[in-house]
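By letter and in written order, the chains are A, B, C, D and E; residue numbering begins at 1 in each of them.
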């Protein structure tokens, strides 16, 4: 099996100029993500996870190094609509119903009307929101909104999915459920997924690769290849293998904090 | 050892009248919390955890049943400043610096100036915010804001602490750290703590008693006495005893959801 | 024709200069922020001068800015006297009385939701009364001197400040109010420590609206009777004696005074509501 | 809804009571002057002596004449009933007599003012919206124009009005409708401009980023995000704008020959010392403003509800 | 037909009856003229309107016209239907004013907008300061559009016209005995009112001059008709009043008073009256209305031709 590179960062640096002086959000970050990988990013608040994801999406301009997506520059990748992005907050447009929110990218990308309808139906079923098309965002709970925003990113054909703490606002049970769904989707579609989370079990449960980051300046402190098998029932989380990986992630994380 | 009751709810019900019809946020909830208890509330989103806490704090008027705090009505308890409350969102005043935010309850309760200063210094150290007195809330990260709001609730002498998901916005490491600190504080001050959380490990790690709630209508589905010893290092979370309690909580929780 | 070409050339050059400045790395400096609108204003003035000359517009209708500047320079004494009468005596006093009264009333009615509900629609109704109708009545009530001008200003300033203050006082975050409840804080403590500071952005909205209205109100009121001084007096009589240049000099004073007044209020707003997201850029 | 109506009525009732009470002191001097001419005994007997005596003393010393103040032909403060009667005389009664469009009918004059208001509003909102779009699209325009938009509002339009009229007739625009609409739009455009700039800027960075990830075009960004996001702001400013346009139309009627319209009625009422005519025109103007604002408010609620906004 | 636009000095009222009569009775049509009468009002300066090309001919007071001429707007009087002035100062009798000398230290209401010049000349002739600061001066108020300042005793005297504001005071219930009036005519400071003025440059245009001859002829015919049929004239004026605010009683009475001012004029300017006006204005003390003897400010050419 030859692996192609989906995302390739080399010596990526990004410094924000603020009135308190420069903030080194990312410093000399290098990382390869293969096609079909499920990569989780974990690290303390403010370590640059979101910034890294935004660089991949060409929403932020690196001040140093380079980043390639699907073999072209991040900018070209964005122009060719290579990825779907799920923001940290749902970010639904309040004046559009759930259905029309999901329709937004399809309208912009010029899908034919009939196909728009079909896709909306499909993705809303996927995230358990069938029947909520006509509701407005504020009529839904926070978790449902987050699911709608995931559906929006899945509605069009992008083989890369960038997800920034998509399940942060959900309670543990719903989260477990969506974790399972996401794994299934990934297995079925072979998408490449970059996934930011704060939860160690979530990172371990979902990913093929876990990137641990540490702050000031933001950099990668550990990259862990996940040895768990591809098929993962929920109770894999009670196995020793799982706990071992979790332990390693926790140690890596702790190193980035100033406690103890 | 004779145990005194700090909070006593009997057949507590609360129904919100909305334009979609009535919402039964709480229905026939009965619970005793002893002085010195650390009680966690866990349950799916919208099951009434916040509402229950707000009833204890006399911020919500029950539509049925009764609630007593420190042997008097919730209203009298509030008037006698019997508790400190930490809201789900930090809720700092943006026009006050962190220091002056913590000073607010002290000003209102008429503490002498010198004592105000001493207390502010003490609690800000406790939550690792020494040196940030002069900053304004928006100049701090979400986690720091949340810690400041905890400091604010700790600054004055209330023997009951009501905390609504105080650590929801924090990353796992900071959260672990604050969990430890909170346990220490509780051990030292013998406060009674009611604590809402979405995290099963957090609930198991912190509490003497875990209250599992379920929605529609909001009620208590399980009350679990935590058998773990009072002295709890962080790695107690890797023990089997811990995992067992966590499992029981998870089962209780799952019963409240419609999945599987 | 030459005048038109001159104006066009100047306009193109000034626009190019502005574009260059805004694109430059100094775009956000205070200097550029001042210079750019000033250059834009200069182009307006040059265009005006050129059009007046090019089309031979009679000075009885629209004098060129050079004539206005000339008159301005020669009449500073009179302009100052008028400024004192209209702005310092009429507009400012009326503004302070109106704003203070509105603030007081807002706090009074705030305690009663009943009054708030009842008064606000009526407030909006009264705010829609055209000043040209109110002014003659108030001049006949309060006489010809500045008192009647101040009264008109009071009426104009009162409702924007009232409506905004009441709204601001109501707008406080429920959670922040609950916090005060957990401290068992009384009405006045909550008012003083929470609701007034939280209402400040709204109050300043009202104060800013009032600032532009105050001057205009004082000037218009002078149309309906005044002593023989004041900006409105000069403007309303200047047209009749064809002293249009003097009228324009007074308009310049009004624009300067009004903008300065607005600027001062906006400066205080920045100081007082520094914490509000809209002030943090 | 009924709760609001009840409170408004209560407040209204108390205002009417206070108003009635105020009529006595406001009108006592004129009432005494008139009584003196009919030969009644007044204390003190001459107007010159009364000049320096407070109204309260005058009322106390001449109780039997207090009532006269409530039926003066030229009151300083008319009673609500007098204003109501005058309003009815010039509106409802005219309609009943079939003279709705007579020159003595306020409906006719209101209609004239309404037309200028309408054109001024149309012109003003167009300028405001187009200006806001230009400002949002171009930083140079924003930096150059915005301060002058603020300065423009510090210029008393009444001072410019005569020049606007003469100039517009010189450039060949006949009739007084256009200058009136221009003056009206001058007051109307500013709130719309400010509101729309705010509205078009209201999308959050995140909402903008989302469209960037779709690689949406500038037009798409404008139509799918900025425009819908600005609608609530648009309506709020339209409500302020229409009230301003009405005031502008009335102001514009002063120097335009004072021939017809509510502004002309106010002026003529002033010139002929018929305060009742002023009060009636004043109330007619405020009622008209109320109606216009309500119409826009209803439109706003309908549209925003369709857009799923909470009221 | 030739178009003529006439700008009046004030709102539609019997003060301008001659023009409305000529319009209504077809006198203008007979002269093959198509006349548009524009009413005036506060804030409308006829001088400005004619400068802007908004009118061919205006009704204006001579002081304002001469002042405009000095300001560079060359107005020329072509006819003078009003032979004498109707302006006066109306005072309360009970405040102790008996003669003009008693005016010192009083508060007086005065019209501005170009109408203040006769008053200023009068005061400076009597040596009374009007700046409000000097001793034994007068306190001057810019009077609004109505007579309230007198009625409410905010002023001791106000400016009135014999044909208009004076009667508003009377209508408010005041008896003539309570009032003291000083007519400018009696004080020897009368200035010519309500003349017809055109721009000098137009007078070199044959066609224009011819048009004006016909206009003046028809207008004077209108005035004489109005003097003979005052009630009908007032009704015609009412018909043309678009505000609907004028009353019959007031307009009929006004027509009666106006007739007294126009009766002795055939439309031609009386050079002696012109000279008196100029001298009054030149004697304005430190701040005269005009600073030098105007030249070419009137012409008899048109009235000569029109009335031959």
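Operating definition for what follows: contacts are C-beta pairs under 8 Å (C-beta built on N, C-alpha and C of every residue); 3 or more make two chains touch, one makes a residue touch a chain.
Predicted, not measured: the structure shown is a model, and the values here were computed from it.
Asks: Could you tell me which chains are in contact with subunit A and with subunit E alike?
Replies: The common neighbours are D.
Asks: When contacts are scored as defined above, which chain pair ends up with more C-beta pairs, C-D or A-D?
Replies: Between C-D and A-D, the larger count of C-beta pairs in contact belongs to C-D.
Asks: Please list the single chain whose C-alpha centre lies closest to the global protein C-alpha centre.
Replies: C
Asks: Per the centroid of Cα atoms for each chain, what is the distance between subunit B and subunit D, given in Å?
Replies: 54
Asks: Rounded to a whole Å, what is the gap between the Cα centroids of subunit A and subunit D?
Replies: Roughly 55 Å, centre to centre.
Asks: In whole angstrom, what separates the CA-based centres of subunit B and subunit C?
Replies: 50
Asks: Using CA atom averages as chain centres, what separation in Å is found between subunit D and subunit E?
Replies: Centres of subunit D and subunit E (C-alpha means) sit 34 Å apart.
Asks: So which bits of subunit B are touching at least two other chains?
Replies: Within subunit B, no residue touches at least two other chains.
Asks: Would you pick out the residues of subunit C that each touch at least 2 other chains?
Replies: Answer for subunit C, listing residues that touch two or more other chains: 61, 136, 140, 223-224, 236, 239, 244.
Asks: Which subunit D residues sit where two or more other chains touch them?
Replies: Subunit D, residues with two or more chain partners: 76, 158, 162, 166-167, 170, 254, 267, 270.
Asks: Which pairs of chains touch each other in this structure?
Replies: A-B, A-D, B-C, C-D, C-E, D-E
Asks: What part of subunit D is in contact with subunit C in the complex they form?
Replies: Subunit D residues touching subunit C: 3-4, 7-12, 15, 26, 76-77, 139-140, 143-148, 150-151, 153-160, 162-163, 166-167, 170, 243, 246-247, 250-251, 254, 262-263, 266-267, 270, 275, 278-279, 281-282, 285-286, 289-290, 293.
Asks: Show me the residue ranges of subunit B that touch subunit C in the complex, using the header's touch definition.
Replies: Against subunit C, subunit B makes touches at 54, 57-59, 78-81, 83-85, 87, 89, 91, 93-95, 104-105, 107-109, 136, 138.
Asks: With touch defined as at the start, can you tell me which subunit C residues reach subunit E in the complex?
Replies: Listed in rising order, the residues of subunit C that touch subunit E are 58-61, 136, 139-140, 143-144, 222-228, 233, 236-237, 239-244.
Asks: Can you check the complex and tell me which residues of subunit C touch subunit B?
Replies: 173, 175-176, 178-185, 189, 193-194, 197-198, 200, 273-277, 280
Asks: Residues of subunit B touching subunit A in their complex?
Replies: Against subunit A, the touching part of subunit B is residues 44-46, 141-143, 170-174, 177, 198-200, 238, 243, 250, 253-254, 256-257, 259.
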